[in-house]
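As structure tokens, here come the structures.
Here chain A shows up in two complexes: once beside chain B, once beside chain C.
What follows is the complex of A and B.
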């Protein structure tokens, strides 16, 4: 455990050192959130309720979704790819720590930094727009649990995508594809209830909703308590499934590494 | 000269064929997702700020087209910041060609062609549902608008990248920021509050990239003035871009090799 703690610290410091990456990503996300905020505002001006969402709910959703999406935003596919191309990955494999565990705790450290920064920004915005009314302690606690599990899912997905880099050098494309896929299906852009029938069922069968939509719905109160708990259970199941896939894929992918020299 | 340099770039790209195919796939995929978002919003409601889905598609296609145009013809603008930091610019300074031309042609990206193709398809789809009364005048307008909006956007990135001349060390993500703001231009300007409009539509002239030209083609009211100003905006942007490069080069101290 101590080893992992060291990695977590390392990740945190890394996050602080490379903050320009994070800030750029956050700005892009923030612009998107702001745009959606105004789009919805103009929609709700002449329509009171859209698919069960009112302007009060939507206003909260936009900000909370932004928070969920921004923490743990830093994809590590690019990094993995670079290490594979340069051959540095062998150094990671030689260490007496499982590769995946190392990645996870490093990312957790970085995520801590990102979450902190975003929370301050979004917290202020959220309070100035919505006020503190309607925030309940038990929901906040459930939200934090769910957010943490959501990070687990996101990690699982990123891990699978990063293993793809063992097969292709095009890490930029892989990262972009993963980003677009998660943004669209996790509810980061639109609440999943807006999706039309067929697509909605597809989305519900995918793990992505656990990243943004589940924690968000718990926090803003569109999920009842029972639904919240079920949502959290689904998240946990997905983490398990992704973990198994990760192990299997890793076995296959690590076999294809061929390194140049020592 | 421009053509010759770009030909060389193309040859170097031909080396990486699978990468190229993957890029085509990923771009197509992310555009489908972006359009999906629009589709989903509109499956719930009839219009945003008085604009229908098909009209929004036109806005979208203008933005995408100019983006593709940058990627394909002028991808070099993206690399300026990097080149300044790594002192790669030195190589360019000693060559007997205008630095501006060399910078513009530093890279080519076929992804852009793909984007332009998608943009054309989206435009055709949108326009076919919009009952625009096409005349020779409108077609000429369309061509002129497309050129103008590409010029404006290239200049935007150019200026943002050149800011690196003044920033000591560190990364410059202003150009990325300039592109991200494009997200705003996907929707009609009138939904934003005046302050944001002032900054993101006029100070950074995104209003002239999509809102005014498309509005004019659709025959919406109040667009004529905006369209008339467009050439002036282009001229100003180009002027600023040239000045920024000159001043920047004057200030440039290589980080040494």
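What follows is the complex of A and C.
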């Protein structure tokens, strides 16, 4: 465990070294959140309730969703993908530490910085728009558990996508594809309850909802306690499934490393 | 005691066969064709504890590929490798504890955080006790002159500084075996000498087994007691360093002999 803590520490330091990178990236994403905020505001002017959501709920959702999706961001994932393509991954493989565990804790360290910065920014905005009313301790605790599990799911998906780089040279394409898929299917752009029936069922059978929609719904209170616990259980199951897929895919992909030998 | 045994080791790469021009590219897109390239064609050798062996060969002779198989990163297409009695590819992490590796063209230092942080990380990864860590660090700082840049991130180091730090990083856990793949590529004469003096000392004092590839023949001659020459994936020569002069009496220096050998290859 000490090994992983050491990786986490280095990840955090690395995150701090890249902070300006992250902050500019985050501000760019934040414009998207601001646009969503105003679009929803004008929609709710014409219609009081959309798929069970009121403006009071939605203006919480926009900010919390942004917070849920901020960690394990694009830039660091790109680096991992590039390391595979450039062959620098062999240096990671020469360590007596499992590759995936190393990656996870390293990203978790970085996420500490990412989450901290975003929490300050988004937290202030949330409070100034919504106030502190309606924040309940038991929901906050469940939210934190769910948020952490959501990060596990996001990492599992990122890991699988990064392994695709053993087969392609396009790290940007792979990472971007992953980002677009998770943003759409996780509820980062619009709450999954807004999806039409058929699509909704598809989304519910996918792991992405655990990244944003589940923790977010728990926090803003659109999930009942029972639904919250069920959501958390589903997240845990997905982590297990992604973990197994990761093991299998790694076995297959790591044999391909030869392609980048020389 | 043999620390490394290699029997009939082979590695095949898949290469892309692409025809020239736009038509060739389109054809490749629809129906790619692949060929096979044998980078290593069945090599066998064994190395005893404390030996220092030079791996010599023209570019593309299969040196790096062999090293990557010995370190457990690459899966051999055939044959057997045993590092201290274990298969490095199957027991990659176990193997990693016993070896140190330096690739002259890559670095294991963290690019954006101070060099000393990388060392601290290695201490934790390899579970090096405090006193051994302190002792080794003191020694490396003195011999390799690390003090001036331990607080700098790796991206700010000069190549010479970077390689020296990489060398210390590879040896911090006192591995019994050290692999070096062109560690002195691109370095100036003074740094090269420093590195080779350091390697000699490690080899003598700690009885570390060294396997290294390089093109600095003079330095190799002074460091390595044994020479293995690879050519097109096969072993051409494997014996004590001085024996090569007996086998090729026409050459006066190692450099002459090697140039002769490499040239013969391109003609044949």
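By our rule, the second predicted complex is superposed on the first by the 252 of 262 C-alpha atoms of A that agree within 3 Å, B and C clash if a C-alpha of one lies under 4 Å from a C-alpha of the other, contacts with A are read in each partner's own complex, and residues count from 1 in each chain.
Note that a contact is a pair of C-beta atoms (placed from the backbone, for glycine too) under 8 Å apart; a residue touches a chain by one contact, two chains touch by 3 or more.
The structure displayed is predicted, hence computed values, not measured ones.
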Handout entry: Fit or clash between chain C and chain B when superposed on chain A
Key = fit
Practice task
State whether A:97 touches chain B only (first), chain C only (second), both chains, or neither.
Solution key: second
Exercise for the section: For A:140, select first, second, both or neither according to whether it touches chain B, chain C, the two together, or no partner. Expected result: neither
Practice task
Check the residue A:225 against both partner chains and state whether it touches chain B (first), chain C (second), both, or neither.
Solution key: neither
Practice task
Considering only touches as defined above, state whether A:177 meets chain B (first), chain C (second), both or neither.
Solution key: first
Handout entry: First (chain B), second (chain C), both or neither touched by A:244
Key = neither
Practice task
For the superposed three-chain arrangement, provide the angle chain B-chain A-chain C between C-alpha centres, rounded in steps of 10 degrees.
Solution key: 90
Completion exercise
In whole Å, chain B and chain C in the superposition are separated at their closest C-alpha atoms by 7
Practice task
Write out the stretch or stretches of chain A touching chain C in their complex.
Solution key: 2-3, 5-7, 9-10, 13-14, 17-18, 87-88, 90-91, 93-98, 255, 257-259, 261-262
Practice task
Would you pull the chain B residues touching chain A in the complex into a rising list?
Solution key: 18-19, 22-23, 25-26, 29-30, 33, 36-37, 40-41, 43-45, 48-49, 170-171, 173, 176-177, 180-181, 183-184, 186-187, 191-193, 196
Handout entry: Touching residues on chain A, where the partner in the complex is chain B
Key = 20, 23-24, 27-28, 31-32, 34-35, 38-39, 41-43, 47, 50-51, 168-170, 173, 176-177, 180-181, 183-184, 189-190, 194-196, 199
Practice task
Would you mind writing out the residues of chain C in touch with chain A in their complex?
Solution key: 11, 13-14, 39, 64-65, 68, 71-75, 92-94, 96-97, 99, 101, 103, 106-108, 110, 112-113, 117-118, 120-121, 123-127, 153
